[in-house]
Amino acid sequence: MSHYFDLFIMVMICLSVIDIILESEESLKVEYSSWFQFFEFFSVLVFSIEYALRVWTCVEHRKYNSSLFGRIKYMSNPMALVDLIAILPFYLPFVGIDLRFIRILRLFRIFRVLKMARYSSAFNLIKNVFKEKKEELLVTSVFIVIILIIISTLMYYLEREAQPDHFSSISKSLWWGIVTLTTVGYGDVYPVTALGKALGGIITLLSIGLIALPSGILASGYTEQIIMRKEKKKKN
Amino acid sequence: MSHYFDLFIMVMICLSVIDIILESEESLKVEYSSWFQFFEFFSVLVFSIEYALRVWTCVEHRKYNSSLFGRIKYMSNPMALVDLIAILPFYLPFVGIDLRFIRILRLFRIFRVLKMARYSSAFNLIKNVFKEKKEELLVTSVFIVIILIIISTLMYYLEREAQPDHFSSISKSLWWGIVTLTTVGYGDVYPVTALGKALGGIITLLSIGLIALPSGILASGYTEQIIMRKEKKKKN
Amino acid sequence: MSHYFDLFIMVMICLSVIDIILESEESLKVEYSSWFQFFEFFSVLVFSIEYALRVWTCVEHRKYNSSLFGRIKYMSNPMALVDLIAILPFYLPFVGIDLRFIRILRLFRIFRVLKMARYSSAFNLIKNVFKEKKEELLVTSVFIVIILIIISTLMYYLEREAQPDHFSSISKSLWWGIVTLTTVGYGDVYPVTALGKALGGIITLLSIGLIALPSGILASGYTEQIIMRKEKKKKN
Amino acid sequence: MSHYFDLFIMVMICLSVIDIILESEESLKVEYSSWFQFFEFFSVLVFSIEYALRVWTCVEHRKYNSSLFGRIKYMSNPMALVDLIAILPFYLPFVGIDLRFIRILRLFRIFRVLKMARYSSAFNLIKNVFKEKKEELLVTSVFIVIILIIISTLMYYLEREAQPDHFSSISKSLWWGIVTLTTVGYGDVYPVTALGKALGGIITLLSIGLIALPSGILASGYTEQIIMRKEKKKKN
């Protein structure tokens, strides 16, 4: 019974995401406006009932074992807050808040997708890898940001005279740095002076190793998790 | 004997792929049209005989051990269906079906290349890695898709006013998201507003780690396969 | 006590980096010029005091155990030199050196960020990976540079007639080579001739494996470090 | 003694590469033409003497233990042939062959760089990784090429009407495929139709895993080599 309910909610979450994506298409929005309104109404109804049920039954869980404070504690955990924010925009118009603001808030409905994580244990492996490697990822992130700032500042001084539009400030040069270091390379900004190209080229070549570090950390973290799971299985 | 037949079929498959690639070249198609027609005729003949022989002899295999149902069972496995679709377009014109439709169907002839997999055991390693890591790859794929949708929706709200052409809907914004997350970065769409660049830059930097996850999974899966093979060799 | 002082210096370093980034924004520089001047004065004061204190107290360390030569030895280590260069530009104008030159020298203030490394032990892991894999990284770097030069020279001969602007010399062709091998792909330079595209495409496909080598080296180096740390923990 | 000779040759090889790069710069070529001519003469002299000495002394090696056939055998090994081709263009003009052709042949002088491999043992690790993983790399390469052809053919049928310039034939579509799969993404060719973008996006996302395979193979191959070397050290 509970399993079918979870499945139904997951399907509803997916449908509401597709609803948001399709509604952003101007032509579809005009043509099927009544359909979108109906689905909006229906999905908010379902998610409201789900939210009410979850708040009602949470006291059965040992963690929220108090009729009032247990419920408040449950309601203030991040996932429950996302649930609330996902249905709130529908009720807010009656309160009289600016509509444009709500429209942007509705963006958070996308976060409903993340709720899927609650329904599936498959999510745990990735979560563990990131949890286990938290510190190492932070250190490399800081290192990458430092390199990013140094490279971008260098490039700012080398290119600002040749390209006053794209390298008018270090923050603009940082955009070049991020696009280059992540190897995205849109091609909207790139060095044009000989010195900029020379230094940019050498620095980029060297930095590729840096960007490879987080991948290496995640890969090794993944292998560790797999080995740990296998060892646990052997013991059981 | 069987070995030479397999080799001959593999060469024919490669030749027919080259034939499709060359035939798409307008100038070559006009100049050597008779050659293309001859090869088309010859290759269909070879593949028809091969298909007939395979259907005829499949009953010798224990799996298809019935003169009628065994053959039907063989014919309905995916690879045999690809074989059939590869030769069918040649016989279909006589039935009177729209020619343009067939032309696009002929595209499936490319799948003949995949048949090579049947002739070579080298294919197995990759297949095993993907098979073994099926679930993990699925989870990370779902996670990447979720992040992709969230990023693209964010970018849609930030850029749609500045670039109504490129960010007119979330589905268009998804194109930006895919091109950026895979670090392809064509440069046809990119954020132009300061807020779009700031958030885009930060999100992109963070997401690089996500894209690294499947690589890490495949790499660790590959290492696992290599270790398993070595252990098997030791035991024998 | 010492801990709070280190934290204060780290915050000051971060603030001075943000100061440089914001000051490069023309509009901000004009509007808040007095604030920038004040912060410049304050930060140089703090870093001057810090530098003086460090030079004064360094003799307590066994390594610099002589009142004069110990201090000179300390002052000539790279990190201390960076500290000196970071504060020197402020005092130099009184000596009468060209201001523009100093402005570019101020760029080195960014290196203050690297000093953070001294305050945090988290930096060590990355340092060890690069230290341990120094030789392997050098060999692959040399190999990548060789491949880069060969590819770029080939492309120069294939494209210089079709694109005299972008491939007028091998050094210009090297820019294409770096942008392609690192998979950045800005799109400012790319082969246009059929032969250039054919060879460029094949070579690029083959070279992807080369670029993957340093990532592999760093990843395996990282795994090694993690294993070594765990083994050390077990022994203790 | 022999060590200094090897070092001298290595420096000469590097200098001759720099010479080629600088000579391609039109302005430099005109201004310092006499210098380039002198260095050309000097380097060919050195490499001619080196080649003569190597051919002369090769008989001392057991492998080439015959005064005539041993030398012919040595001269026909790939590296010795590269040596010969590197100096031949200088002597050929006197024979009266087309100069432009020689100019392009001179490109092979770049291969002198590869000779460095002979002087350094550091090259061996990479060579072993590629040697050990030869078969796996071949299989994944074939798989990538198959996927590449299928994707490019699909894109050709989807985009040829919307972009007759960029997708006029499958071979042109292959250029898009290579640039996308390697995540270079110059931005000269990309799908513009909704269907092309949808399928292109999905396929690209899926293919990223494929491109990650060779990296994974090389990374695991590298780790294997490191482990093997350590085990050998332990035994000794």
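Observations
We call the chains A, B, C and D, going by the order they appear; numbering starts again at 1 in every chain.
The rule is short, and it goes like this: contacts are C-beta pairs under 8 Å (C-beta built on N, C-alpha and C of every residue); 3 or more make two chains touch, one makes a residue touch a chain.
Just so it is clear, the model here is predicted, and its values are computed rather than measured.
Of all residue numbers that take part in the contact between chain C and chain D, under half occur on both sides, making this a different-residue interface.
Chain copies chain B and chain D are related through a rotation whose angle, from the C-alpha fit, is 90° to the nearest 5.
Greatest Cα centroid separation from chain A: this falls to D.
Centroids of chain A and chain B (each the mean of its C-alpha atoms) stand 29 Å apart. With centres taken as mean Cα positions, chain D sits 41 Å from chain A.
In chain D, 174, 183-187, 215, 219-220, 223 are the positions where the chain touches two or more neighbouring chains simultaneously. Put simply, chain A touches chain D in their complex at residues 183-187, 219. Partner chain A is touched in their complex by these residues of chain C: 17, 20-21, 24-26, 104, 107, 110-111, 113-114, 116, 120, 122-123, 125-126, 129, 137, 144, 174-175, 178-179, 182-188, 211, 214-215, 218-223, 226. Within the complex formed with chain D, the chain C residues making contact are 135-136, 138-140, 142-143, 146, 149-150, 153-154, 156-157, 168-171, 174, 180, 183-187, 190, 197, 201, 204-205, 208-209, 212-213, 215-217, 219-220, 223-224.
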